[in-house]
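The next part holds the structures, each set out as structure tokens.
Both complexes shown next keep chain A, but they swap its partner, so chain B is in the first and chain C is in the second.
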Partner chain A sequence: MFSFKWGFRFMQKEFLSLPSRIIIALFVIGLILLPLFTQDPYILRIFTLACIFAIFAASWDFLAGYVGQISFGHALFFGIGAYSTAILNLRLDLPHWMTIVLGAVVAVVAGLLVGFPALRLKGPYLGLVTLAFPVMLTGIIFLFPDFTGGELGISGIARLASTRQQEYYIAVIVMITLITVLWKITVSKYGIIFHAIREDEIAVRASGINTVRYKLTAFCLSGFYAGVAGGLYAHYLRIAGPGLLDILMSFQVIIWTILGGIATIYGPVVGVFVLYPLLEYMRVVPQYRMLLFTIIVLLLVHFMPEGIANWVRDMLEKECPRCKERNVFTRRECRYCYAQIATKK
Partner chain B sequence: MFRHRWSILSLLILVICILLLVATGCDDSPVDVDEVDEGEEANFLKVGIVGPMGFVQGDHSWYGAELAKEEINAAGGINVGDKNYMIQTVMVDTNELQSVDDAVSAVERAIAVDDVDLFIGGFRTEAVLPMTEVAVDNNKIFMIAGAADRSLLEGRVDVDYDRYKYLFRIAPPNNIELVTLSFILLNEVANSVRAELGIDTPRVAILMEMLTWNEPLVQIAQQQIPAMGMEVVGVWRPSATATDISTELTEIQSQGAHIIYMANSGPVAITYGRQWGELEIPACSVGLSVENQKAGYLEATGGYGEYDMSLNTYGRAAATEKSIPFWDTFMETYDDTPSHSAGTYDALYLIKDAIENIGTIDSEALAEEIANADYEGALGRVVFDEVHDVTWGPGFVTGFSNQWQDGELVAVWPYEWSPAEGVEITYQGAVPYKIPPRVIDYWKDR
Partner chain C sequence: MIENILVRGLLNSCVYAMIAIGFSLIFGVARIINLSHTAFYMVAAYGIFLFNVQAGFDPILSIVLSILVVSALGVLSYRYLIDPVRERETSTLIVTIAIALMMQEIIFILFGGHYRGAVALISGHTTLIGVRVTNQYILTLAVVMTALIIVWYLLMKTRLGIAIRAAAQDREIANLMGVDVRKVAIHTMTIAVVLAALAGAMVAPIYVLEPHMWINPLVIILAIVILGGLGSIKGTFISAFILGFTEVLVVIFIPGGAFLKVTFALALMVIILLIRPEGLFGVFLEGER
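For the complex of A and B:
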């Protein structure tokens, strides 16, 4: 059934027919092949961190973009993941793959704790409550400096891997896997329910769906993803400090997601992979680095209000007015239903 | 519609191409590298100056290093046998006050792109820890000049020497010594109060901004001050950014405090200095104030900061013969007084001497040489201890205490300092500490 011919036709009709899919494929291939072209530790560091932050940003996108639970304190999950990983690694000497998973599980528990007040709150009120959690955790960290390292954080954590290339590949593989799984969830029937909760929670409840369960699940899942990112970060930088819980960290993830394209899952990945290296690139003009970056961000918001990913997709593809399938913008008629979709001016 | 999309896409591709072209062009000539004429025969020692540029901590790191570089290069550079190395400073703007990962990437970039040979600087401990990890991964010397925490070296250099032997701290003395130093200064002021005002048990108000770095200091001070023959009248913790602390100061006055023992790194130090003078609080002020160390402090407090006293890494007194010339040159060049991150100045000279002694810039040999260095700099006599931390104490680096007197920041300590029986240390240029006249007027007749 899965003959070569079938595979070729599938590629031609389903995969290569849409530029956005080709871009994604090229991006993934590019990431995998990057170390073959450069061994520069600096470049590998930038892309490794971008992979970690992409997971973090996607976790926020899932919670806020898909389920509509706006969190202004998402650094909480990232920080908890990082701290738990660090403590487990240093105190119990557990291997990093285990500490990262266990750290993420602790972040899931945190997700549950944050999720409960979220059941009764919405919009800005929920945002303010979530904003308080990282501040509370920072207080707890300073309260037990012997255990948490206090202001200095916990350092001396084991490296993610012995070489920079290995660390890079771990981050890339984890990122691709987690993002794919999250994307699959959002396009599944559960994803539709999550989406519907954001649009009209009362209607979803009236349909007999237990929205409490779904909202708590969303918080846990988002916490898990952010926890994994935090764990990877802690092992990569070999430190987990209170800076991870800074308000800046929480807002950074929102900026990446909104500029990349909210409620898409791949949008935050685009946001991180464009903006994070761009900020690094700006080091060539250190005096104007932040100023230039801010101007670029403002221009992006102005010209691409739906986010970079959505803007590029809308430029390269168009939707069929009849069957709603997407087609490359050069096509005049839909590849599925052959309806007229473009008029040349 | 069709043409519109093509034109936008073409424009996008064009912009990407331009960016790529600029990127490839910039790789070989980063603009943050200090310009030095690179002749074909010239050898260069590239030194990364690490810090949050645009903030006083980073700027003073850069200023200190620039001064040293100019002087060393003007004198012919570093002589290694028949070779001469000119120093090239590379500004490594870490943005460490805001982002730790940004700081680490900056150091990595300095190694990978700018090909830096060694690093000096670093201010925020949480960022310096991972930055130094990158440096030692690449066998690069990292001489800390700014971050004070002992844990940057202890538990690293002594535990895994082979890995961490490249780490050193030249300034300031570590956090434990800084606490000791601040108590010595408090004791000196208390002795003046006893001698001049006839008060046997001075009352001390602890006023320290609400930040975590001084949390242990608040705890220790409450235990230590009574043991020093003083009485604690209370603890006040204003916000680090408070613009009005008149309530706290009035309460301190009502509690009958003779001395205010403070530790403020944030803008509250300006508020404190202004209102302490404006409200004519009859208490001497001593401790640690980052703002007090700056040349513009008196102006910022509207002149009310007169007689405020703070410890510092540098002062206009002769810890060595290099101290006063450095202070004056720094003031003349940058119109500011050097803070502790200007320790990059002495660091660069120390490294120069070490390279000349061993005749190579090889990191491993250099680390061994620096570990055994005995160098007299503007700071004092620099000798590293078993964890490569600068030795603090009489005969080594002691630090200074500066007080604003008659509109000038003058060194008032060490002045007739007696660290042991029969030993008295006074740095030439240091003057006696002055109790504010209003404090004398207030307490003399009571």
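For the complex of A and C:
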């Protein structure tokens, strides 16, 4: 079955036929091969952090883009993941993989706690209530400085791995796996239900679907992803501080996701991998860095309102008017149903 | 003790009410969550510092100047940055965040990250019902209260106020009744920004100025507006007093209260919202699911 010929035809028909798939493949291969070309610790560090933030941004995209529960306080899950990882590692001396998973589990519990009030609220009410949670947690952290490290945070956490390359590969592999799983969930039957809840919750409920269960699941899953990202972050930078719960952290993930392309899962990854290195590169003009960044954000919103990923995709591919399959922009007729594709609107 | 709570709570609540009413009005009329709202408040406070302390202008003149500058900024940013993307809820979010960050960075470049303070407009103390209050507090309180009364009158009695309330209740019907909703939205933005700027100008001599001073009020303002019910002016006003007094009470009565004041205020908001998901005075509009 997996003969050479079959593999070749599969590649030709399914894989090389669409530029977006080629770009994704090149991106993954490039990420895996990057340490062969450069050993520069600074570049490896930027891309490791970009991988971690990509998981974080994807978790927000799942909750806000797919399920429509726009949360302004997503830093809560990231921060809880990082803090519980740090505390577990320092107090109980557990190994990394265990602390990261346990930290993510704690973030899932937080997701349940936030998701419970979220069941009754919608739209802007929900967004602004979720904004309250990380701020409340920051107050509690400052109140117990002995346990949480207070303003300085917890430092001295074990390293993720012994060398930079290993840390980089752990981040890349975890990112690719988790993003693929999340993407598969969103295109599955459950993904359609999540999507439908965003569009019209009452209609979904009227169809006999338990929306409460789905919404809580979405909060838990999103919390798990953000918790994993937080745990990786804590082990990579070896510090977990109150800055992780900062309101700007929550805003940043919104900026990445929306500029990358909301409700796509690959969009936030694109957003993080474009914007995060860009922000780092602008350290050449340290004083004007954030100012330039905000101007770029405003320009991007103006010219690519659907997000970078969707903009590029619409440039390279066209949708067949009859069967809705996507085709390369060079084709005149659809590769499945041979319908004529309009060249330009 | 009681007097102290009363004076500080009143000041706190009135300042919050001024900023929050502006935010609530913009949300009501234009349906945007303007996360850059408190950034205008910050710019106005720094405007006082620039004109009064650095350029040496007369205090009244510098207040007028900074309010003019800030309202121009607000209207321009609404007209050219927010309005073009208003139809997309998510784009509006990041545009307003970007505007706020931009102003923060400009302030940072112009004034640096140091803590700054403006000079009090009038000096001296007055003893009111047995508590010594600086005259600046009384002046701030008086101006803020007057502003709130003027806004109340504007919204309740004038044609513009009726148009604003109509647009807030139902945009489409207001449009059908001959209200130019776009123009009303710009007027609302102006009123809101002027209120925020006035609040910023009045608290500049009392609070400490720094480029991140917009974040904490933003959180509380959002809590107030949500608690009162989005778009409800009365609710905003009342919940500003609830949360403003809660903060002062927590700081005075609970050990470690300075860390916990926001936590308590927000926890109160979450609890009330669990009981009444549409806020104290909000209504769910069935058409806007």
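We take it that the second predicted complex is superposed on the first by the 342 of 345 C-alpha atoms of A that agree within 3 Å, B and C clash if a C-alpha of one lies under 4 Å from a C-alpha of the other, contacts with A are read in each partner's own complex, and residues count from 1 in each chain.
Definition applied: a contact is a pair of C-beta atoms (placed from the backbone, for glycine too) under 8 Å apart; a residue touches a chain by one contact, two chains touch by 3 or more.
The structure presented is a predicted model; accordingly, all values stated were derived computationally and were not measured.
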Inset, instruction - Mind checking the superposed model to see whether chain B and chain C fit together on chain A or clash? - result: clash
Inset, instruction - For A:5, decide between first (touching chain B), second (touching chain C), both and neither. - result: neither
Inset, instruction - In the overlay, answer first, second, both or neither for which of chain B and chain C A:259 touches. - result: second
Inset, instruction - Answer with first, second, both or neither: which of chain B and chain C does A:200 touch in the superposed model? - result: second
Inset, instruction - Considering only touches as defined above, state whether A:142 meets chain B (first), chain C (second), both or neither. - result: both
Inset, instruction - Name the contact category of A:189: first (chain B only), second (chain C only), both, or neither. - result: neither
Inset, instruction - Based on the superposed arrangement, let me know which partner A:237 touches: chain B (first), chain C (second), both, or neither? - result: first
Inset, instruction - Can you tell which stretch of chain C bumps into chain B once we superpose, 63-71, 117-125, 153-161 or 243-251? - result: 117-125
Legend entry - Footprint overlap on chain A, where chain B in one structure and chain C in the other make contact: 142, 248
Legend entry - Complex interface listing, chain B residues touching chain A: 1-5, 8-9, 19, 22-23, 26, 30-32, 53, 91, 93, 98-102, 104-106, 108-109, 111-113, 125-127, 129-130, 133, 149, 151, 155-156, 212-213, 215
Inset, instruction - Spell out the part of chain A that touches chain B in their complex, as residue ranges. - result: 40-43, 45-46, 49, 142, 150-153, 155-156, 233, 237-239, 241-244, 246, 248, 279-281, 283-286, 289, 315-316, 329-330, 342-345
Legend entry - Contact footprint of chain A on chain C as seen in their complex: 27, 33, 35, 81, 84-85, 88-91, 93-95, 97-99, 101-102, 104-106, 108-109, 215, 218-219, 222-223, 225-226, 230, 256, 259-263, 266-267, 269-270, 273-274, 277-279, 289
Legend entry - Residue numbers on chain A that touch chain C, as the complex places them: 64, 70, 117, 120-122, 124-125, 127-129, 131-132, 135-136, 138-140, 142-143, 200-202, 247-248, 251, 254-255, 258-259, 262, 287-288, 290-291, 293-295, 297-298, 301-302, 305
